[in-house]
Structure formats: structure tokens, C-alpha cells
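The following pair of complexes shares a single chain, chain A, combined with chain B in the former and chain C in the latter.
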Partner chain A sequence: MRVVFEDAEVTRERFMIRAAGSFAEGVHLVSGPVGSGKTTLALAATGLRTPKKGKIYMEGIGTFTLSQQFPEYHITGTTLNEEIASWGLKPDHILERTGFNGQGSRDPFSLARGELKRLHLACVLSGNWDLLVLDEPFSGLDCREKKRIAGEIATLKAGIVIIFTHEQTVFPRVDRLWELQEGFLRDLGPVPGSFPDWRGAPPLLRMLLEKGIVPRNLANEDLLEAVCRM
Partner chain B sequence: MQDVRFRVFSTLLLSVATFVSIPGAVAALIWWLMAGGISTVKTSRYALIFIGIVGLVSLLVEISGGDGLSYFIRMSVILLIAFWAFAHQSPGEFMDLTVWAAGNKRGFELGLVAEVTLQAINSIRDDIDRIKVALTLKDRRSGIRGLLPAAFVLIITHLSRAEDQADLLVVRGYRNGGSWCPAFPKNTRDIAGGIGAILVLLVAFIPIRDIFILLL
Partner chain C sequence: MILVSGVRFNTLRIPDLSIYPGRTAIIGRNGSGKTSLLRLIAGLASPEEGSVTISGEPTGTHNVGWVDEYPDRNFIFSTVYDEIASSCRFQFIPCEETRSMVLEIASKAGITHLVRREIRTLSGGEKAMVALASALVTTPPLVVMDEYDSHLDSSCINAVEGLIGASGAQYTIQCTQNMELAARCDTVVFLYEGKILYKGRPEKIFTSLKDSCFYPFSWRLRDAGCL
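Now for the complex of A and B:
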């Protein structure tokens, strides 16, 4: 299973991103500042944007989905029950997991954006996907919820998980790092060897690297363990 | 056309001319072509969709005994002019226009409403793209099953955005009216375009058939 970007050029209005590389099975983190083209690339990775030049193709992938940054665009049901069912899932289990037990007849638009994101991510993460692309999965969530989602991502059954984010505080354990720099997608390589090349590394990681300490991974417990080594 | 005053003035005259008669519509179409109208619809799939809908209505009018062809020509030209006017629009120019026409109180209010509306129209394009992505992922691309939730999401998100914008305006001290200094770019082509639009309106009202009979 893999997603291949073969010298691809993806455009959106006057904006262009060049990408070359292959996303194999595992969790990939694509980091980049706001406006660097993460959403455009996320759409391209799932085949929802055609590259202007080059090729983007999937190999051995049967099921895939994309979670967009703003969950309201995904709504197709008029109640929470209908919305959960639209993902092919049984409502009761998801309602219980997200803390909306007994509220299945509620209008999804009556939820706050953070609540809606929680529900949406619960639906997306419950599916069996060969490829799961998450565009800013942590935006609109509080710190506790971010940590919970990061933990859930680490235990996913999906074959390839690609996380596009500008997040700087909470991360799941990842296998490979990528970074969007000046319109290019750079494959930084496997974690933790790629940490020193990460230009937009979070402040805590940068501080640890400056002190010569390399954490095993990006999850909170890994960073905490590295801090204890100081 | 850079000056919004000439553009709105021309749009109004051309729309009236098109609506009044077929010769007016043809003259307006020639004006539209000379003003570079093709470039404003070439990349817009929405122009084709709207004209397609008009075509469908015209067909129904024709089948039910009305003059569907005349309706199709006139409505299509009106749509083309509307797309031309919209394509040249830039942020802040309706504020310039309304404050210039009606002053810093009523004009400012009208301009603010127009600017907020145009901002919402521009954001609809992005919203539709995102909704289409979500529907594709749920395999609900076509038909009423896709259209209804999409319309619902659009309405709700725009109402919610309007509420946020209203709150922001209040927080920033807006009550009514304001201060705005209108500025307009100077361009002789705008004046020529405006004069052309007046001529188109004259063509719409002149009984061309009578002229030809007199000449014969």
C-alpha cells in the first residue's frame, strides 16, 4: 500500500506546490505553517485534486477518506444519529464515546465547533481505511481532547495515515516526517533521525535538540521522557 | 471598466436595453463582446450552469406556447452582463459608490451591506468546493440526496458567519454611518464604455423595423 507523488505540481488559484515522494504504510506527519498548501496537498493525496504536472497515484488502496479542517462541511444528516449513520456506523457506540449519550435526535448544527469536531473525528477514526488523510485534526480542540485524539491515532488500524498540521504542542507517535517549505514538500525521513532537519519543529523539541537530547518520538510521553534525561 | 460608477451605470442601462427588446439584447451583446466579456465567463463554470437553467426554462416557455427563444436570448445576455460586472468587482468599491452617491450616513450603511453581501458571495465558491469534497467522500455526489444537505450547510454557515460579523461590528463600536473617502480611478475607456451603453439603450427603444421600412 502506498500513495505516490511523482514530480507532482498541484495548484490552487495562483498558488503552487511541488511534491515528490512516497507515503508507505504507517503514520506520516506533514508539517507546515498556515497558508503553506497543506489543504491543497491533502485533497491531492486523496485524488480530489488533479495535479497540473506529474502524477499522484494510489497503490493497493481500496478504502480511503479525508477529514477536512472544518467539520461542518461534512454534515449530511439532520440529527446526530443520521450524521453518524452517514459514515456507515452505529450511532449508539459513537454517541457514547463522544459524550452525547441519549442526544441522538439533536441537530448537528446545535453543537459547538469543538463538539462537532469531536463527533466528526470519532466517526472518521472508527472507519476501516487503507488511507486516512487528516487535515488539521487538532484545530478547534482543547488540550485534553487533542491528547485523546493523538492517542487514538496511534492505535488506528488504518494502513496509511497522513496528518497535515501546523500543530506545535500535541502530536501522536509518527513514523515519518514531511515538511512544506517554500512551495515544496520535503521528505525529512523516519523519526527520530529526521528531527534535526525539521525547520518548523515545535519549541520543546528544538530546545531538547539544542541540548543534544533526541526524543524517541513526538508523543507527550516521549517528550517527557526526553526532558527527564536532561 | 475600473470605475465602479461607470460599471454600475452601464450594467443598469444594458440590462434595461436587453430586457426591452431583442435588438437591444443584440446591441448589448456586441457591447459585452467589445468590453472583453468573453474572458470573464471563459473560466467560470457557473455561467454555463446559469445559462443552462435559463435554457431549460425557455424550452418550457416555448412548449407552453410562449416566446421561449426571445426569453432565452434576453435572459442569457442579462446573465453575461451580470458575470462581466461581477468579474470586475473589487473589495471596497461599493463603499466608494454608495458614499459618493448618498453620503457618510445612508451611503455608508448601504455600502457596508453591499460589501458584506459580496464577501459572502465570494466565500460561497470555497464553501461549495468543501461541501462537494465531503459529499464525494460519502458517495453522495448527485441528485437531491446531495443537494439538500449541501444547501442546508451553506445556509447555516452563512447565517452563523453573518451573526459573527454583526457581533464584531458591534464590538468595534459600529452603530450607524461612518467615515469613508471615496476614490475612483480615472480612465477614458470607462467614459467610452458608458457612452456605448447609452447608445445600446437608444437602440433598444428605436423601432428598427420602422426605420428599414422608411428606407425602403
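Now for the complex of A and C:
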């Protein structure tokens, strides 16, 4: 299973992103500053943007989905029950998991935005995906949910998980790092060997690297363990 | 002083809350009532019971800079320039002055390159930056921001922090899920299921939250004696 960007050029308005590389099975983290094209690339990875040049193709992937940054973009149902059912899922199970037991007739837009994101992610993460693309999955979630989602991502059955994010505090364990800089997608390589090349590394990781300490991975526990090695 | 008295609104139940000038962070779990409280303070909603006043005056009569948590709900015009300028135009500020105010705030926010863009073409983070510039361009005395930072990376947050610091606003009230940011405010208010559980200086509030994930991660590392 893999998603291949073969010298692909994807345009968004006035700028272009060049991408070459292959996303194999595992958890990938793609970081990049605001406006660097993360969402554009997330759309391209799931076939929702066609490259102007080059090719983007999937190999061995049967099922895939994209979770968009803004949960409100996904809403198609007028009640929580309808919304959950639109993902082909049984509402009661998801309502219970997300703490909305007995509230299936509520309007999704009556939820707080973070709650809407929680509901949306519960639907997305319940699927069996060969390829799961998550655009800013942590944005708007409280710390408890961020940690829970980071933990769930680590135990997903999905083949390829690509996370596009600017998150700086809570991360799941990831296998490979990528970075969008000045219109290029750079494959930084496997974690933790790629940490020193990560220009947009979170401040804590950068501080550790400056002191010559390389954490095993990005989860809070890994960072805490690394800090205490000092 | 902003005074919230005997308020019932949605899930909020606040007998008494005073907010003094400075920077205030409202924190709490998703659904704890943060947005409801911010809407009341900004004068975008009225409580079912009780009152919210700013220096003794009812809300809704003040110039308020507001940033919504839904980026798309911040905009009524199609281009970035018109959106930022709208705050000035609604105050009948002359065109030339409006133009220089828009360009100045865009420059300070680092979004000069976006000024001629159509809003629908912006990324989530870019929309948040435009919403902030629109809220701050007329230097309102009260700025209320609902999780503006959830769409931004750390360098944008630092730029915005500088912008807010330089804006001269008497009150800056924001809710956030970024505890490092909350820890830099003068006052932290912790909401739990519509009620205020804690309010005070960050050191005091986060000490009460030490066993939860709300405790800033950098503080946890510091406490571990490793930093």
C-alpha cells in the first residue's frame, strides 16, 4: 500500500506546491507554516485536487477518506443521529463513545465546536481505512481529547495515516516526518533520525536537540523521558 | 471592570465574576461554556437572567474587537482588504485614513501579501490572521477572541501576541486550549460544566489543575527538575 507523488505540481490560487515522494504504511506527520499548502496537499493526496503536472496515485488502497480541518464542513445531517448514520455507523455506539448519550436528536451545530470535532473524529476513526488523511485533527480539541485522539491514532488499524498539522504540544507517535517549506514537500525521513532536519520543530524538541538529546518519538511521554535524561 | 452578576445563559451559571483590565484567558473542556461567556462579554448575546456590565455600562454599547472560533463566521466581505477596512468604514473613518490603517495592521500581522486576496481562497490559519487584523484595526478597548490560536502555528501566535500587546486594548479576553498561552495571561478563569471553578493568577490556577492535562506541559517539565 502506498500513495505516490510523482514530481507532482499542485496549484492553489497563485502558488504552487511541488511534491515528490511516497507515503508507505505507517503514521506520517506533515508539518508546515500557516498558508504553506498543507490543506491543498491533503486534498491532493485523496484525489480531490488534480496535479497540473506529474502524477499522484494510490497503490493497493481500497478505502480512503479525508478528515477536513473544519468539522463544520463535514456536516450533512440535521441531527447527531443523521450525521453519524451518514458515515454508515450506528448512532448509539458513537453517541456513547463521545459522551452524547441520549442526545441523538440534537442539531450538530448546537454543539460547541470542539465537541463537533470530537464527534466528527469519532466517526472518522471508526472506519476501516487503508488511507486516512487527517487535516489538523487536534485543532480546537481540549487537552484530554487531544491526548485521547493521539492515543487512538497510534492504535488505528489503518494502513497509511497522514497527519497534516501545525500542532506544537500533543502528538501521536509517528513513523516518518515530512515538511512543507517554500512550496516544496520535503521527505525528512523516519523518526527520530529526521528530527534534526525538521525546521518547524516544536520549541521543546528544538531545545532538546540543541542540547544533543534526541527523544525516541513525539508523544508527551517520549519528550518527558528525553528531558529527564538531561 | 467587567462584572458578570447572577447570569444564567445556555449552560452557564455564574453568580459573580469580575474581570479587571489586562489579559484574561478562559479555559476549560470543550462544551464547558467558554464561547457562551465570551459572547455575553462581547455583547453578542444577552443572558436569560442576570447582567453583564463594562465599567457599569451594559454590554453592546462598546467598541469590541471580536474573533469567532468558526473562521468563516468572521467575514462579510469577499476580499481581505474590504474585510479589514470594514471595521474602519463602519465607524465612518475617511478612506485615506482607512487605507493606511489597513496597511499598517496588515504589515504588523505579517499578512501584507494577503491584502488583495479573496477570502475564500485563504487557508484556515490565514483566515484567522485576517479576522484578528479586522478585530484590532480600530484599536478597540475590549478584544474578545474565541480560540483564535487553534488554527495558527507558533510563529503566527507570537506575531499575534505582539500585535495584541501593542494594541493598547484595556481588556483582552480569550479562550484557548493552548495552556502555554493561557499561562502568559494576567488572569485565568477555569470553567467546568458552565460554572467557574477557579479564577486567579496563572500560578494559582494551574497549581489547582496540576493533576490534569490543563497544567502547562512546559511547567510539568520544569517541575520534574529537568529544565
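The rule we apply is simple: the second predicted complex is superposed on the first by the 230 of 230 C-alpha atoms of A that agree within 3 Å, B and C clash if a C-alpha of one lies under 4 Å from a C-alpha of the other, contacts with A are read in each partner's own complex, and residues count from 1 in each chain.
FYI, a contact is a pair of C-beta atoms (placed from the backbone, for glycine too) under 8 Å apart; a residue touches a chain by one contact, two chains touch by 3 or more.
Remember, predicted model here, so these are calculated numbers, not experimental data.
Undergrad: Clash or fit: what happens to chain B and chain C when chain A is overlaid?
TA: Overlaying the two structures gives a clash between chain B and chain C.
Undergrad: Have a look at where A:156 lands relative to chain B and chain C in the superposition and call it first, second, both or neither.
TA: Neither partner.
Undergrad: Counting residues of chain A in contact, which comes out ahead: chain B or chain C?
TA: C
Undergrad: Go through the superposed model and pick first if A:72 touches only chain B, second if only chain C, both, or neither.
TA: both
Undergrad: Report for A:87: first if it touches chain B alone, second if chain C alone, otherwise both or neither.
TA: first
Undergrad: For A:166, using the defined touch cut-off, is the partner it touches chain B, chain C, both, or neither? Pick first, second, both or neither.
TA: Second partner only, chain C.
Undergrad: Looking at 81-89, 135-143, 171-179 or 189-197, which bit of chain B clashes with chain C?
TA: The listed stretch with clashing C-alpha atoms is 171-179.
Undergrad: Of the residues on chain A, which ones does chain B touch that chain C also touches?
TA: Residues 70, 72, which sit in both footprints.
Undergrad: Which part of chain A faces chain C closely enough to touch in the complex?
TA: So the residues of chain A touching chain C come out as 12-13, 33-35, 37-39, 69-70, 72, 111-115, 117-118, 136, 139-147, 166, 168-169, 200, 202-204, 220, 223-224, 227-228, 230.
Undergrad: Give the list of chain B residues in touch with chain A in this complex.
TA: Chain B residues touching chain A: 127, 130-131, 133-138, 140, 149, 152-153, 156-157.
Undergrad: Of all residues in chain C, which touch chain A in the complex?
TA: Answer in residue numbers: 28-32, 34-35, 69-72, 117, 121-126, 128-129, 147, 150-156, 177-180, 212-214, 217-218, 220-221, 224, 226-227.
Undergrad: Inside the complex, what are the residues of chain A that reach chain B?
TA: For chain A paired with chain B, touching residues are 43, 46, 48, 65-66, 68, 70, 72-78, 86-87, 109.
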